[in-house]
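What follows is a set of structures to go through.
Presented sequentially are two complexes of subunit A, the first with subunit B as partner and the second with subunit C.
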Partner chain A sequence: MFSHIRTIWLTFLHLFKRHVTIQYPEEKVKLHPRWRGRIVLTKDPDGGERCVGCYLCAVACPVDCIALQATEDENGRRYPEFFRINFSRCIFCGYCEDACPTYAIQLIPDFEMAEYNRQNLVFEKEDLLINSQGKYPGYNFYKVAGMNAGVKQKGEGENEDAPVDIHSLMP
Partner chain B sequence: MTVMQHVWIVLGVLFVLLNIAAGLIWVERRMLAMWQDRLGPNRAGPLGILIVLADTLKLFFKEDWVPPFADKWVFIFAPAVVVGSVLMSFVIIPFTPQIIVADLNVGILFFLAMSSLGVYSIVLGGWASNNKYSLLGAMRGASQMIAYEVFMGLSLMGVVMLTGSFKLGDIVNAQKDMWFVIKQPVALIIFFIAGIAETHRLPFDIPEAESELVAGYHSEYSGMKFGMFFIGEYLGITLISAVTVTMFFGGWLGWSFLPPWAWFFLKTFAFILFFILLRASLPRPRYDQLMETGWKILLPLALLNLMITGAVALLIRG
Partner chain C sequence: MTIHIDNKTYTVKAGKNLLEACLAQGLDLPYFCWHPAMGSVGACRQCAVKVYKDETDTKGRLVMSCMEKVTDGLYLSIDDKIAKAFREQVIEWLMTNHPHDCPVCDEGGACHLQDMTVMTGHDYRRYKYKKRTYTNQYLGPLINHEMNRCIQCYRCVRYYRDYAGGGDLNVFAAHNHIYFGREKDGVLQSPFSGNLSEVCPTGVFTDKTLKEHYTRKWDLTMAPSVCHHCSVGCNTIAAERYGELRCVLNRYNGDVNGYFLCDRGRFGYEFVNSENRIKQALIRNRTNEAAKEDEVMAHLQQFISTGKLIGVGSPRASMESNFALMQLVGKENFYQGVSEDEAYVNRLVVEMLSSGCVHSASLKDIEQADAVVVIGEDIWNTAPMLALAVRQAVVKTAAAEASKSVQAPVWLDSAIKEFAQDEKGFLATLTITTSPLDDLATHSWHAAPDELARLAFAIAAYLQPGKIDNTDINEELLSRAKTIADVLKKAKNPVVVTGTSCYNDNVIKSAFDIAVALNTSERKTAFSCVMRDCNSMGLAMMEAPSFNVANEAVKKNGHAAAVILENDLYRNVTFGVANDFFNACDHIVVLDSLHNTTTQKAHVLLPAATFADGDGTLVNNEGRAQRFFQVIPNAGSQVQESWRWLRKMQSLKSHAVNNHAAFPDELLHELETALPQFKGVTEVSPQHDFTIHGERIPREPHRYSGRTAMLANKNVSEPKPFSDEDSPLSFTMEGYRGVPPPMMTPFFWSPGWNSVQSVNKYQDEPGGALRGDDSGVQLFKDKQADNGLFFNDVPGSFVIAKDRWLLLPKYDTLGSGELSSYSLALQALSPDPFICVSPGGLHVLGVQEGDPLQITDAGIVYDVLPVKVDKDLCDGVVLISAGLRGSIGMNWGSRVKLEIRN
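Up next is the complex of A and B:
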């Protein structure tokens, strides 16, 4: 009985509390930088695609919403021929971002992607690629990779020494 | 008073009451929201007050459907009963010494009779819907209202004893020195609890209990027929608040810086807000708990209150 009266009183006191409602379209929600929203493909500092078409994201995806086809350019640099994410299936779990070895695929704090037509939720590569390095500025996979794919010559990469001249007698 | 004056009073009371009942849509939703740290409807018009208009229009333009398995005429008749009986009860409410439709000398009895008639609306609506949930809701409604009707009347009899009249005008005048809430606090609590059950408002909304019975007795109703139940409920809140104010809180009496009708409306509005506060705070009891409290606690308490009041009144009069 007294607990009921106390309940009523406590509820009444809420009259003087601030409301928690965010009036959405006018007032935006504050999203944190690592919020998992829309998926993008980032570029390296030189403007090349970071994605090397390794399929790890497609494998990690629990709902199979990522589809891609890898191919190579004339220098042997791998890139996706097409890259398709079906956002009507995507659950924004972020596993693709975790799986990506080249920081190419990233989730950004944006959730405003409502569409009238379901087919418009299937994003192609040109929709996904952004002209930015995303959360990892300065990273270029082919600069640290061992192979030469037209980005750097042998021994010119980051943290890489010039090749040893095996014919030289000097130490 | 001339005939025209009576007609004006009747029309004025009807106009004000129906507008209050509609306005309560907005009041309830805004107040509930504030007690739950939300905003509530705030888009249509200033502070969202045009939600009333939008909601009414919506109800008017919804398909007014009678299910093929329903008992058609009873189904159509039921919603009218609740609004009709509640509006009839307002006949005896003295808003001010002048504004009263009919100061019957059996005023309170008339109010009790009319609010009992309201149960027909629930029973007929639930029965005519020919639907399991509706019937369950109707059965619950019937037994709840019968149980609570009994001591609702008994709790008011204490006030009647002290006044010596069933006339509501006399009852208000008898409170000139002291409101009956001080002399009859137990009666007030019992009457108010019974009033909540009578209007089947939360926490005693057992006949409609949307988490158990879809929408109880009005599951099958749509459009303006549902709207009638809706309006009936809000009118019921207003009625119980108005009767509480008249019986226990001195009706139109108050300091002279406000006119009598303003006092009446202020007090009534406070009780309407309390109804909404109860909805915001209390959970619904189980059906058997409701019946148990009614028959085993509140009814003996009402009888005891009546007995003591009678004894004291006899002692004082000598």
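Up next is the complex of A and C:
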């Protein structure tokens, strides 16, 4: 008997607490910048695709839901010929973002991607690529990489000496 | 011999260095410059270990383990703090200049430098100054150059110059500026340049054809395969991704190719992805030619069960396919798809090797020979890896001599090279014309095939007097023969190499005579005969009549249905003969993988699998049967192995209700029963239901990616993985993860060893046999025959006749090969078709170099080709580029007429 009264009393007290439920979708959720939601592919400060098709995101993915094929432009710059994420398999763990050596793949706070048809959860490169640098502005992989892919000449990168003159005998 | 490594006692082989000893025990010790095939130079300072004076010594001294010989009771430490710190320091130095390239570097994921960096524990860059950079060079369509990534281990030049004998790659500049490349941009000249991509421990030299469709090693579906581009049968790994063949890698086999492949083998894979592939069964002469499988079978039923069938086999189809065809048409109706001339010499070679009088030489036997005689065959162009083995024989003999005189082990590479200087082992090249092998030869002589045979018979006569009648041979030849015979007499394990490309039985007979004459109980002699195609030996061993006999039979009896197996007859016989045959046949069924002139003649065309989408067994020129496994899953496609098609056709014929699909191992079993000469061939691989601890062997590495996305664009529900019942290998990443039997090793990988260097974890000892013995079954057994085979057919002198030129083929290392010539990279390096005559011949014809010449052969008029002059060619012989893309069959070895055309 006492326990019943106690329960009713406690429930009554909750009437005066601040409620946590919100009226979604009329009321929007507050999204924190590090929330791991939809995956995007970003661009570098010069507007070029950041993804170099290194396959590290694909290999880091625990559910193997990323598939891509690397190809090259006439300057030898690598980019993905296709880049596919099967979001119906994705667990939003963010390992792909951790693995990405060029800040190309990023998880953004958007989570509103429900679909009635599962096939629509397969995103291709056109669906993933955004015209922004995302969370990490200012980074251009090809400026710090050693190879010349049309972004900078050999020796013009950050932290690089001019190319060696192999005919020189100077110490 | 016992040594103590980190206070544990191990038994090791004497004569090895400490690095080899440690690796043989399965211990991890980083290294760069050492290579089991090339020995030690101590350049990279990476393999440092601590060696102690005795048990009580606690201080020890640092040594480079690759430069130190194993001694009994030695105490050493890999885990010593100072040794570890030293190795980490060395990597840190190397890394000061290594670019931030891994994401875009093709070596990444299969990189020895990555592995060694992780192994030493170096993980943070403390050096805050600038990185050294280099400009790259264009090295041709096969190899990509990215010099920034170099760690100066010198492996590339040691391989390219010392091992493979190339001259155009070298090291330039000085101190910390050294540069590995060519004098100026240009195509690498050596036909073994592709190995640079595996020899280089980092990404300086990488496979340029892989770049076109780049895939990391962990994403490749891989299967053990056998090279299909010449008769040597090198072991390869075929690698697939997204239904396309991506690259071909070396698969170590201690008895055959070892660590290396030639460029034709490595880059000749693109025909598998070619647009010219036959993917659809066709029934010709109707409105809709494309046909479903049951439609084709119903169509075939009409004449297969009633009419007379003629089967034409192929030297490039597997044993299983040739045998299935023989079963379908019956032994008496099965013919080799090669000309009578070729079938005749091939038969002779089979007779010689199956006699067992001399040992059939593997590439390893050739590498270890102390004297080599090459007679008649241009092995540099017809069997490049065999030529590389001959080079090793010559170099190693000198090294072994040097090793004896300076009391230094053979693996102490630079010391031995320094001592040996230009010393070389004995090599005699007695060939039609010159090849790069001549540079190594002690004795080289170029003449017409009959003259070569005369010389070789004269040598045999010196070696075993009384058996050969050499009265008709002139003084000059006899003295030449004596010089060679005198050296051969002193050799302990000589090898005689010849081949069928002269289409001259006397050349082969005389070479065999030398081998037999040399073979005594104390002198183990081996004999090797190069053949034309990857399964020429297997087909010849089936002892079927030649195509010319088939042609006669069809002409005589008429009303036959011909089943042609993976054979472009227009390349193997003259077009007149092929046309006659096709005109005489009522029905023509062709099975092939690529469209060609023969497939155009087909009434029914069936899509056959290539080496990448099918299973099968090949017999190489040595008589070694080797199995290759499917790597491209062909679910939903009509493409299937020829033997599968033929088996289905056979069940039509026998009206079998139970359409039991045969497995390759069952076919081999039947082959063994039907043809006893193939005894033992079933041991080529375990049965199709073989498992290890109940698990099959996965074709995919354990970190294969993209499984749930690669086909999601078609359907988001993943299909069931393709299942392959034909072999113990599975098309998944689940299964047995240990070391599988050698013939079924789909890839080399070991924890911490992602690069190809992990092969040392699969070997008994570095550079030794793969654990569980090497793959392949030698079908020719050595016998101790007293009344051995011996020939006494000294031919008459070669007669130079006006308007009767001796027609011989001139193959090209990269350009020749019916299938490999579809590779764009090889096509770019292939010569244009040409005719080649001697300077004297040019004079006789009254033409200039480059003039168009026409060949006519008994009424057959061939294409007009430009003439080249070859100063080493003898008069009266005309060479024509052969085996190139679009080349046609000719009456090799016959006499033809040459005319100028304007």
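Everything below uses one rule, namely that the second predicted complex is superposed on the first by the 150 of 171 C-alpha atoms of A that agree within 3 Å, B and C clash if a C-alpha of one lies under 4 Å from a C-alpha of the other, contacts with A are read in each partner's own complex, and residues count from 1 in each chain.
Here, a contact is a pair of C-beta atoms (placed from the backbone, for glycine too) under 8 Å apart; a residue touches a chain by one contact, two chains touch by 3 or more.
As the structure is a computational prediction, the values presented were derived from the model and not from experiment.
Enquirer: Have a look at where A:A114 lands relative to subunit B and subunit C in the superposition and call it first, second, both or neither.
Expert: Neither partner.
Enquirer: Contacts for A:T7 in the overlay, against subunit B (first) and subunit C (second): which applies, first, second, both or neither?
Expert: In the superposed model, A:T7 contacts subunit B only, not subunit C.
Enquirer: Does the superposition put A:I85 against subunit B (first), subunit C (second), both, or neither?
Expert: Touch status of A:I85: second partner only.
Enquirer: In the overlay, answer first, second, both or neither for which of subunit B and subunit C A:C65 touches.
Expert: Only subunit C; A:C65 stays clear of subunit B.
Enquirer: First (subunit B), second (subunit C), both or neither: which does A:Q23 touch?
Expert: The first partner, subunit B, only.
Enquirer: Is A:L15 touching anything from subunit B or subunit C once the two structures are fitted on A? First, second, both or neither.
Expert: In the superposition, A:L15 contacts subunit B only.
Enquirer: Applying the document's definition of touching, compare subunit B and subunit C: which contacts more of subunit A?
Expert: C
Enquirer: Spell out the part of subunit B that touches subunit A in their complex, as residue ranges.
Expert: Of all residues in subunit B, those touching subunit A are 33-39, 277-278, 280-282.
Enquirer: Touching residues of subunit A toward subunit B in the complex: what are they?
Expert: 4, 7-8, 10-12, 14-15, 17-21, 23
Enquirer: Can you list the subunit A residues touching subunit C in their complex?
Expert: Residue positions touching the partner: 52-56, 58-59, 61, 63-72, 78, 84-86, 88-89, 101-102, 118-119, 121-122, 124, 141, 144-149, 154-155, 157, 159-169, 171.
Enquirer: So in the complex, which bits of subunit C are touching subunit A?
Expert: My answer: residues 98-105, 108-109, 130-136, 146, 148-149, 172-175, 177, 179, 211, 213-216, 218-219, 242, 703-710, 712-713, 715-717.
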